[in-house]
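After the structure tokens below, expect a handful of questions from me.
To keep things simple, chains are lettered A, B, C, D, E and F as they appear, and every chain counts its residues starting from 1.
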Amino acid sequence: MTNLTKRKKAERRFQFYGIFAVGLSLLFVLVLILNIFFAGIGGFFKTSFIIPFHFDQNLLKIDENSSQEQIRKASFRKVTSENFKTIFSNYSKDEIKQIKKLFYRKIDKEAQKQLLDNPNYLNRTIEIAFTASTGIDQIHKGNFNRDIPENQRKINNFQLEIYDQFVSEGKVKKVFNTDYFLTGDSRDPESAGVASSVMGSVFTILICFLLSFPIAIFASIYLEEFAKPGRTTDLIEININNLAAVPSIIFGLLGLGILLNFFGLPRSTALVGGMVLSFMTLPTIIVACRSSLRAVPPSIREGALALGATKNQVVFHHVLPLAMPGTLTGTIIGLARAVGETAPLLMIGMVAFIMNVPSTPLDPAVGMPAQIYLWSESAERGFIEKTSSAIILLLIFLIVVNFVSVYFRKKYEKKW
Amino acid sequence: MVNIITTKNVNVHYGDKKAIDNISLNFLKNNVTALIGPSGCGKSTFLRCLNRMNDVIEICKIEGQICMNNIDIYSNEIEVEQLREKIGMVFQKPNPFPKSIYDNVAYGPRIHGFTDNKEELDEIVNTSLNKAGLFNEVKDRLDDLGTSLSGGQQQRLCIARAIAIKPEVILMDEPCSALDPIATSIIEELITELKKSYTIIIVTHSMQQAARVSDKTAFFHLGNLIEEGDTSKIFTKPDNQKTNDYITGRFG
Amino acid sequence: MVNIITTKNVNVHYGDKKAIDNISLNFLKNNVTALIGPSGCGKSTFLRCLNRMNDVIEICKIEGQICMNNIDIYSNEIEVEQLREKIGMVFQKPNPFPKSIYDNVAYGPRIHGFTDNKEELDEIVNTSLNKAGLFNEVKDRLDDLGTSLSGGQQQRLCIARAIAIKPEVILMDEPCSALDPIATSIIEELITELKKSYTIIIVTHSMQQAARVSDKTAFFHLGNLIEEGDTSKIFTKPDNQKTNDYITGRFG
Amino acid sequence: MQHTDKNYEIQMNSINEKLIKMGSILEEQFNKALKVLSTRDENLANDIIDTDKQINDLNHDISDTVFQIIAMRQPMADDLRFLFCSIKIIRDLERIGDHLVTVAKKGYRINSSIPPEFIEKLEILGNKASVMTHDALNCLFERKLSQADKIAERDDIIDTLHGEFIKDVLSYMKQNDDYIPDSLSLIQISKGLERVGDRITNIMEEVHFLIEGKYSSE
Amino acid sequence: MQHTDKNYEIQMNSINEKLIKMGSILEEQFNKALKVLSTRDENLANDIIDTDKQINDLNHDISDTVFQIIAMRQPMADDLRFLFCSIKIIRDLERIGDHLVTVAKKGYRINSSIPPEFIEKLEILGNKASVMTHDALNCLFERKLSQADKIAERDDIIDTLHGEFIKDVLSYMKQNDDYIPDSLSLIQISKGLERVGDRITNIMEEVHFLIEGKYSSE
Amino acid sequence: MFYPVLFLLVLSVGGYYLGIKRSKELSKDQRLASLPAYYGYLTFLYICIPTIIVWFILLIGKNFILAQYLMAVLSDHLQLMSSNEIKLFFSKAKNLSLGMSFGSESDIELFASQKILEFERLFKLFTYFVITLISAFSFYTARKKILPHYKSQRYVEKIVNRFIQICSVLAILITLGIFLSLVFETLNFFSYVNPFDFLFGINWSPNKAFVIDSSETIDKEILKDAFGIIPLLGGTLLIAFLAMIVAIPLGLMSAIYLAEYAPKKIRDFSKPVIEILAGIPTVVYGFFAALVVAPKIVLLGKTLGLDVSSESALAAGVVMGVMIIPFVSSLSDDVITAVPQSLRDGSFALGATKSETIIKVILPSALPGIIGSFLLAISRAIGETMIVVMAASLQANLTINPLEPATTITTQIVTALTGDTEFDNPKTLVAFALGLTLFFVTLFLNYFALKIVKKYREIYD
């Protein structure tokens, strides 16, 4: 009896280890996600100062009849300075300079955009929200401790005073940063957006899917259904297994060595990125497809063969459709991994500073993860938040994809 | 009585392993012939030679002559798909396609291009289901999945599927071994019904089943054909001592 | 004659589905009792209640009283491990552990701490294998994997494994359904041999098998116990019309 | 309930039908045999002898079918009891037929000067045996035991009648030396009819087994 | 070869053994019955009557066992033929026992003044029947057909002997009115022994079936 | 690119329907050797395949033709240039034609870009023309083949089979590509550095090669001591080892718990959630390791009085370990659930407790598979790049102290190739040698892992 008591105790101990392990793993997920979420959620918002802005016709050297083109060519530098001078008329020139630093460096561009959108602002004074500089942004979001000594921070005490004044006047606003989703990269955290990298990722994945999916399916069909055991088949087998094992960075080297240097394909493009990623994804899809094909019981094949179906008919009428759900699940997972892959893209130059949103796969592009990498390497405090926000976007996408694939697997899970 | 399938000196090897040793055995038209014998004696192998299902197995080598209606089925003129249109097969485990009941039955006629006409196809499906004794049970749910049927119904669906391409011969490899006694007895009765229009060759582990359903029985042992003849004779007064010993449960 | 296991008003539900309906059935010591009935009638369910193998299934709810040697096996005092030490089980598909033959048999005695002594363990293993009629076939290769044996030998290994912990009762759920006739007849003979020392309860699909090996037979139908009694009586002159109909092949 | 397997059902039914046929032929034979006793019609006697072949054939036929069914269909429970019963009963029925042949063979040759009361007594005996046979087969087909025990009682009556008849004939023989062969025939006829009673008792035992699964004696 | 299932083998063997036992008891009974004819020993006759019960019991016993085996073991081929044969043969053997009882019952009461040649002739007949029985059972156990056809011939001899014997007794009866009951007994004894011959013929038919799988007549 | 594809598709699909139509007409009189659809497929393939081949040739040849064309048009101007200059000129013209202007182009370059645009237009027209021509011809040929006795099915299937086969051979080509892309540059590298020095050197300071620019001759003596892979290997293994210390116990126990103990609800929730860990891009982990974990570890080390580097191997290792948990747990879970239920039943029926069953029956049965999963996880850790690039040090340091900085092979590959150095510098070329080493190491590990897993699967088959 004591024996049994001891055994029962061991049982409980063992079970506890299990719960502990699962709990810890779940905790990791939670910590990771929460951490990034809290670090990044601010990135979707920006801080703005609301100030009256006068669009002086003369200073801008345009009139009501000027075309958009002319507005675009106009210099807003002067009018901005004038405005600052009027608003902060009781500050010295030097102080105004410092105040100006509270704003985003390209305040004149923002003013220009306002006018482009609303030509009737011309010659009027309008209360306009201008993006605050990243330093103020961080302070306003509470990410930055203003108690540290003045010489260790970019914002000096005078600037803080002005900021506090704005706050007390209710002229500081936290707004949703739609531009974040619409613009490309920028040297300034204030205006950096994910649009170009998202498009880059979309193109990359599209290319990757179009290349890897059909090829993987056909290769799987060949190996599972047609290949006669022999040296070639073994060779193919070994190669596919090896491909699955090759570290992603090696694929990058392949892209660099063969696609760029040998075939002379354009650097930094989604086309090359997609191709490299498709090499990586190929074995994943092949493995998924093959195991789905294998899971189709031979009895189905025999049943069709016995009815006089040819081998091709058996495969395309019965086996492949039955293997499709599993294959798709594998494909989704493979593509999701490809979306998050960075290292190979580093090798083929898809970590570049790209401001323009690419419109074709042949345009220079970065992917989301590469963008994250770039921003994270950036010393600017504001970029940390941008990085985290981009990560949130990427994670949301991946989690959604993950659950879709889980749902898929559940729905089509077949018991024969 | 006409022989519909004749085999002469058939040898089958799996790689180096001989599975069938010089068997000559003929099958009478509109008869049920049962192949019995201990496990691994080559019943399935022999059966699968008859519609060339063994072609799929790489290492399987077949020698000898197998003729259907006096035409060598392994000759070059015969397309294997064409042959299997003439010789249907039903397997041990019911294996309906995971499609609708209708599509299961219609699949054969479709791939063989029996008809383009929806009504004609309906007709074929209905008669086939009817012949397989399944029509009344499923007529209201032809769109349900074939796999949603019970085991016995699935097996009858497989029979209907085989019938739909109007074969002359139906091969059955232990068609009841996955079924319970009730489903088994329904299938057995169906078999005796079907033999009016088809020639049936059935492999079975159960001597009782062979006794119940077949007209002729062939007893295999270690790849050899030990004895064949009228079922009633084989089970009451076999000529060969080995047959007798097997049938009466003297194995060791 | 003593009842070793008694059951009273046993009801089993899987979720909302009733699988066993108020069955009371007793099992005599040193007897072979066969449970027969059509597929899905609850034979396995009932059998697995006897050693609480159904505990694992979450949705399975058991009511009623099941006693072994007059002690309620579902009472709190009984540890399920202890119960299963007394009631061994052999399954439909032979399931040797992928360990050596020796370790397969020694597994039970080891976990229950029967002995620390290598010689005593050897002794237990050898006698168990012997009782299972396997010793002579494997004595020279006790270190081979249990899975390397043939199907019939594997099943006997599983019986030896069950015997090794000296149970009083051995439950068998269709122990021969995965075996060919020859292996089956060896196991059947073993069963009649084993009943000298053990009480055996066997579920079988084959009425013939029940007839051959058992002393008592219980006929289940749709979760109900229709009839139980001496096997020779059940198969020649059952009292209940349903039993008669099932046995004689009147199912419909 | 019918067997799920229709062919099985058909086979089982065919045995039943053949048994019924055997019964009805025997009834005919009884009628004819008793007629022979009174009419001494040689043709009729020959007819009986010819017809007996049918009974023998049916005997073989049923025996074969039972053998086939047991070999091919593994009958159990009531089916098996019925087959087992049949295989035993047909021997009895066939013997009853034989006895009737004896009656016919001996009957038509009996000298007409033999006292008619002997013939009458034989006819009474014969009628009793005939009715018993009929009732026994009814028992079999209807699987009702109610009448079975009465039939055993009736066999006692037949035995007594037979005993008395023998005594009568013996005393007649002693007085009529010339009629010894005829008397012997009378004795053999009576003996035959008495044996029919015994056979029926046998049959009833089998019917008891068929219905109850065990012999009444056990 | 033996059955893989030892219990089955044991059951099958037990039938064989019981048949052998029946045969050896019958042989004894033959000896005793013929002794009764010459010695008119009433005790011996009673002994025969008592022993006959054993035969009846064996009959039932074998019948039961066969029934159980068929129900439980689905015998086939030669096993089934043997069982089928047994079930039919035991009826015949039991009847042979009955006939021997008749011989004994009638035998010890025969008046000693009956001419001894009658007794001698009966003894010859009896011996022939006894040897036939013995040979027939040997045929069964050894499953050899060689002697079977000869046995049928031997039955003819017995029939002829019986026919002659009846004629002799008839003519004796006519001359000796007082001995009519004894003569009748003689006739019945002879008849009984003749019927033994018929039974043996039956048995041989069954043995033929056992060995050949069909009846010789077919 | 898009429109020609669509055009071809329309033509082919049209061919398909025409083929079917034709065969249906024929089938009114007699039974065809194949189903009408196959005559459709036949026509489709007849149109598709030659057209695609020709089109592909055109695409490949396009640049060559363009070059010839420009040469011809601008022969006077180009004659004066060196081949390198011509290359530069062309690429500039090309960029101009794509609308990329750097504001410093000459007239002749503008002229060339005009010519390029002109050529592109012409070439496009030509492409359409060729596609149409070939399609029409192919359709004509295919239609002639549509005869009752012609077994189109066989022919179609043959083509399909061949196509499928080609797809599978691609895997070989990719491997070959990897090998070639690595091996040539590696050989190039070995012309600077002795392979022996590379493989067994214990010093890693590639910057020693930095002083060399292409004009100087290379001093092999300096390089001898600059490219020793041992410290990188050491760092890689150290970090992988740390990762495994985290991942193996957590992953394995999670797998056991989820597969054997967890109620269905918890399992259904936990499994995909833990698998998220594997789905998270490595760059995220890198970010996390560098910005969250590393400072925390430094802080922790400070409070404990330890001197922890801000780029310690520990941070990268632990985070990598977390990332790898699902690799271990998922694979182990798979092999554990692949152990047939019958084995569990067998053990329970003998009175074993659950943990006894797991430890003594299930794990031993699944052991090879589990070890396989470990090996796969290790190879994954060794090949992992982004985490170490972002969180680990660049400084080669042969140590087993996890608190010290360490660098890895992958980090060095990235560093070598993201600089601006030319391809004839050993500092850059070493990336390929490192890549080749990594390739072989992971290959070796995976080969064993797969072999073990495969063998284990055979037990139950």
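Everything that follows uses one rule, which is that contacts are C-beta pairs under 8 Å (C-beta built on N, C-alpha and C of every residue); 3 or more make two chains touch, one makes a residue touch a chain.
Source: prediction; values computed, not measured.
**Q** In this assembly, which chains make contact with chain B and also with chain D?
**A** C, E
**Q** From the centre of chain D, which chain's CA centre is farthest?
**A** Farthest from chain D by mean C-alpha position: A.
**Q** For copies chain D and chain E, work out whether under half or over half of the interface numbers are shared, and give different or same accordingly.
**A** Both copies touch with mostly the same residues.
**Q** Name the two chains that are joined by the greatest number of C-beta pairs in contact.
**A** So the chains sharing the most C-beta contacts are A-F.
**Q** Please work out the Cα centroid separation of chain D and chain F, and write it as a whole number of Å.
**A** 96
**Q** Measuring centre to centre with CA averages, how many angstrom lie between chain B and chain E?
**A** Chain B and chain E have C-alpha centres separated by 52 Å.
**Q** So what's the Cα centroid distance for chain A and chain E, whole Å?
**A** A distance of 105 Å separates the two centres.
**Q** Give, as an integer number of Å, the spacing between the C-alpha centres of chain E and chain D.
**A** Centres of chain D and chain E (C-alpha means) sit 22 Å apart.
**Q** Would you give the residues of chain A that are in contact with at least 2 other chains, written as numbers and ranges?
**A** In chain A, 7-8, 310 touch at least two other chains.
**Q** Can you pull out the residues of chain F that are in contact with at least two other chains?
**A** Residues 353, 356 of chain F touch two or more partner chains.
**Q** Mark out which residues of chain B touch at least two other chains, giving numbers and ranges.
**A** 111, 182, 185, 208, 211, 235-236, 249, 251-252, in rising order.
**Q** Following the definition at the start, I'd like every touching pair of chains, please.
**A** Going through each pair of chains, those in contact are A-B, A-C, A-F, B-C, B-D, B-E, B-F, C-D, C-E, C-F, D-E.
**Q** Spell out the part of chain F that touches chain C in their complex, as residue ranges.
**A** Within the complex, chain F contacts chain C at residues 263-264, 340, 342-343, 345-353, 356, 360-361, 364-365, 459.
**Q** For the complex, give me every residue of chain C touching chain D.
**A** For chain C paired with chain D, touching residues are 207-208, 211, 233, 235-238, 243-245, 247-252.
**Q** Quick check on the complex: what are the chain E residues that touch chain B?
**A** 1-5, 8, 73-81, 212-214
**Q** Quick check: in the complex, which residue numbers of chain B touch chain F?
**A** On the chain B side, the touching residues are 111, 113.
**Q** Show me the residue ranges of chain B that touch chain C in the complex, using the header's touch definition.
**A** Listed in rising order, the residues are 38-39, 180-182, 185, 205, 208, 249, 251-252.
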